[in-house]
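Please read the structure below before turning to the comments.
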């Protein structure tokens, strides 16, 4: 059974169908690519799955449970994290704090912290225990991306490539089972893209399932186990990179004649 | 519901009163909405520009004529004073933008807001200092004898307010939609730097926006003084209400401002009448309805709900 | 935070040392200070302005007459904006910093009620020229007013309308402020007690200028008369809009109408409106003199409250003059309790607003005049006083 | 003079408490609220009614009115879930006007335009605070300012503070991080309103009277000015802002020239200061002080490890 | 170099204390397509903005068609040595730009967007013919002329942005990352259009692009910008063979 799947997921804006009855299946510990022309509904699909948008009809199942009606924060808590197409870091916060926010709800151990309010006001020891936990794991994730040296920098002052990495680090700090990446290589030069491919594989090796939207065919074709192609909101193809690359419909709608 | 117990001529009367009030709110709301559209901040001094425009019109009016004489010269004088007031208000609006808002274009969002509040306090009190705090009467340029129609009363002044409001709003709407400068205004409000790339002089367009909005405020101010007298704080509450109306209509949207203004005028008159509660609670009813409208349509009546792009 | 607090505390200590001693002595070369407390800015700013000008006329008159033992008086005008929280610093400043011996004010009842305990505690005679709320005089020994209370005015007028004018049905339109509401409610109670019928009670908010909705409703109720116990700007609006709506009822008002501005704002519409006001000697020379002086100095006419303010100022200045004495070093010694007692004994004082007598608790013993406006002038029609439950006309 | 200066500090304290509350809403959470005066009014009236009509003691009344105001804050917090930026500001503005309107019209409870008089002072173990005795009032109010300051400081320096900051920076990203943005936004309004309610009850008790004209839009603006003028998102600056604004508006009285210059001129000067301040220091006099949570944590954890 | 239409001489731009451009020299000859490649944050967009006056120079000068449109003397504090023309005046000299992120006016129709491109032109008949020309070149825009520009797809918006920039018949067209975020097939289309414009309309084009391979393949000359400095300048075909470029920007 797939870890996450959708059932005729549909999203309309006004009369415009952005996502049209899409079924996708994401299997555990795989890397799935989502490609398609601009306006094909890729990001909308991401949004409806991660709760930032709601589907007009259809369902999203995660670990066998229907998560369609849940708000974004609950979906994140259930184990789905994401990044954004236009990087959405907390710009006026430091790198370290960005990752700490990712740990925000994980620190919420009700069995440890009783009488939250009183403890909180008095700044008592249990709250400190909780903060300690946040501190430790934030360090861990920063280290994973080699961002420790930047920890006290403001996020807005990081170079572009590092900002992308920080956003992924922040998402991983929520300890997700599935990670959705929306155009992670956008704006990266080929060198940075190569590094990113390695990173994504490392993330997969941690046991995290990855789903990504990307226009960089080199990245998609190299690391994805499965590729799903959307056009005008519909799924037009699905399969291994090789299958998709040779699909006539995909070439017409998206890839074009490849000189490569 | 009390509505059905009210005789129809009384209802008609309420409708008429509400429309007149709404026309004035609409005229004020237009200025707010134009400035907001282009600079994305609430110009709290708009109500004071209105008040100063009204005073300017008042002084010119009484300088060139004696309204008690009546006759066509008074009407002529009135038109002259209206135009002068528009020019003075427009210059004032442009001047305020230069001095108090332009240095703050790149400042944090709240800075121009507070600056505008400062300007509003300054203007209101300067007016009180120079013109005195007492109310003044602005004599009608036309014979304002009530016209009685089947138990419903309408005054020529009300007709004038409705007509002037309608003309101004239509003219503005046409200007914004069709004219070259109007389109440049819309372009500037959507994206300032790209508008500059089109060869539009953005500073000029912003000044123009302030000028037009302020000139309309002067018209509203004179209409208000005819109907409700003239005093230094006249722009305060009316301005606040008109702004709320503009937001409910959909801020930045010209038709929205008109709709919001008329809606507020009608709500103030009908809200309590229908519920049969004391008139003192009219603001409660009107504002509650407006907040509820906002909750249902968070970006205002005439603007499509735009979801933030993720 | 700690730094801030320590700076604050040391500042306070410094001032504590600097201005520690209290005194009721006016040093030679200084002036006897009295205060005026009222709204000078905002919606009601004009009322404060007119009254403060009247106090200034009174002070000038007092000084011209030689002052007290050669000491001149001076009035300090403080703005309350008509708000309690602004009035508090104002009275604290008058009481604590300027150490005034008397205050004319405050204008609004709500503000007067709030500042009265402070005046009482600082032993400052406070005479309000316009706070008509019935509870005010009970706030303390030092609290007086030379304006008649709402209760008295409304009761007399309620009786007058029902008994003398024989009006059966009345509609009331009042503004939700302390002055109008007090009058409206007391009048309503009295008028109903007399057997009259109040067919509609409509309210409006302070600052409103559009009363068409209320008037349309009142028109629907078809009353014989409408009572507008408001301030002039609103009354002018109400009269005009009533006319526009074709309302044929008779109009009645209260002493708020006495501001001559109404003649300017409402023009001929003011004609025939009947209103109450503390009765005055229409021919009183004192009033004519005051009005002339006022007009000459300020270029405008005083309203009825200004008359009260002028009288109040003179009453307290005269009391200071009568009770103060030269002390050592050419200083003037003033005993606050004596000043208070002197003011309290005021009986049949011949003021610009009429004969002034204070009751035991400091309220005005007043005869009520019924007035009207005619050809842009005010005219007294009748004069009444309340004898128990009975209305007695004074010829 | 001393009394007058003490009085100013009493007012500063009252405003500072509600400005601290507003700072939590505007400065930390980034929600523009224009109804802090309404919260102050609700607090003041609740306390006034409780103490005069129901004869509650000051302390119970203060607590209850704080809670009542907090509930109202929760109510106005709900629109924040749907409204953004200036639209929210307008909803709060409307709410403020509604509150004022209701206070004026609800005669049976609020005594309408007359206001409520004769509100007693607090009684602390038999010690009665009288409004004539300013020193004890200054101490009482500044102790409460201190508590509020500590309370807000605890909030912003914790996990909750970081969540609020994240919401201000990017609400969508915050919700994608598992933060229940609705809860925190409403929480910010509730807490901000609670502090305003406490300030309101002090206001009522100190002035011994409340009147509806007091809690108008201008007052909300004044409190907002305190927050912005000092520096958004900086509690220390907020208190400084309160001091500056109140003292500025009392300068003519402090220098004893209030009866010489026309009162309007006083207001004009105040407006001028506001405009000039914004042009030359748009970020506020002190500005935002960014907390560095990494350092805070490090300090606290070192403490823990000991 | 009489053939140079645009020259940037020692251009410096700073944001606060951070220097985004550290003395950039660029020369663009008339009739050519010149591209500027570089990593994100290298200062590519800043450079374009400084040409049209959207970003003030701290030092250096920009010469267009032999005329200094922006100039600051060596000492940036000496105010009298500064000449800044406002964006609208620079545009009026014959420069046009399709900004990064397309910059269309979303709440105006396609037609109105095109009209805005011709804002400087007062001759209504001329505007009309120009619009018809653009409809011919970009057929999709003709079909969509009554639609709000915000409802177009990304590729269509990019086409609109370029068409709009051409409405003023500029002598120099600045394109800021036209391929950003577009699908491969559309990117191909856009670049074909760009070279077509250069060929047919005889417009000089200065192209800033991340997609180095595409940009270099259609251009005559290329510059490589790294952290505010031009590090390479050569004919495009040479750059395509340059091992450094290959490694860093072509991913080979």
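The first chain written gets the first letter, and so on, giving A, B, C, D and E; residue counts start at 1 in each chain.
FYI, a residue touches a chain if its C-beta (ideal position, glycine included) is under 8 Å from a C-beta of that chain, and two chains touch if they have at least 3 such contacts.
The structure displayed is predicted, hence computed values, not measured ones.
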Q.
Return the chains shared as contacts by chain B and chain C, ordered by label.
A. D
Q) Going by the contact rule set out at the top, which chains touch both chain D and chain E? A) A, B
Q.
Taking each chain's centre as the mean of its C-alpha atoms, which one ends up farthest from the centre of chain B?
A. A
(Q) Based only on mean CA positions, could you tell me how far chain C sits from chain E in angstrom? (A) 74
(Q) Counting only Cα atoms for the centres, state how far chain C is from chain D in Å. (A) 34
Q) With chain centres defined as C-alpha means, what is the inter-centre distance between chain A and chain D in Å? A) 40
Q.
Measuring centre to centre with CA averages, how many angstrom lie between chain B and chain E?
A. 42
**Q.** Two or more partner chains touched - positions in chain C
**A.** 41, 176, 203, 205
Q) Using the touch rule from the top of the page, what residues of chain B touch 2 or more other chains? A) 125, 128, 278, 280, 283, 310
Q) Which chain A residues qualify as touching chain D in the complex? A) 50-52, 71-73, 76-77, 81-82, 84, 88-94, 96-97, 100-102, 104-107, 120-121, 123, 125, 127-132, 134-135, 151-152, 170-171, 174
Q) So in the complex, which bits of chain E are touching chain B? A) 52-54, 86-88, 91-92, 96-97, 99, 103-108, 112, 115-117, 119-120, 164-165, 168
Q.
For a test of understanding, state which residues of chain C touch chain B in their complex under the given definition.
A. 41-43, 45-46, 49, 176, 201-205, 207, 209-210, 212-214, 216-217, 219-220, 232-233, 236-237, 243-246, 261, 264-265, 267
Q) Taking the complex as given, what residues does chain D use to touch chain C? A) 1-9, 11, 101, 104-105, 107, 112-115, 117, 131-132, 138, 142, 146, 149, 203, 207-211, 213-214, 236, 239-240, 250, 253, 256, 258-259, 262-264, 266-267
Q) So in the complex, which bits of chain B are touching chain D? A) 36, 40, 42, 100, 103-104, 107-108, 110-112, 114-115, 117-122, 124-126, 128-129, 240, 243-244, 247-248, 251, 278, 280-281, 283-284, 287-288, 290-291, 294-295, 298-300, 308, 310
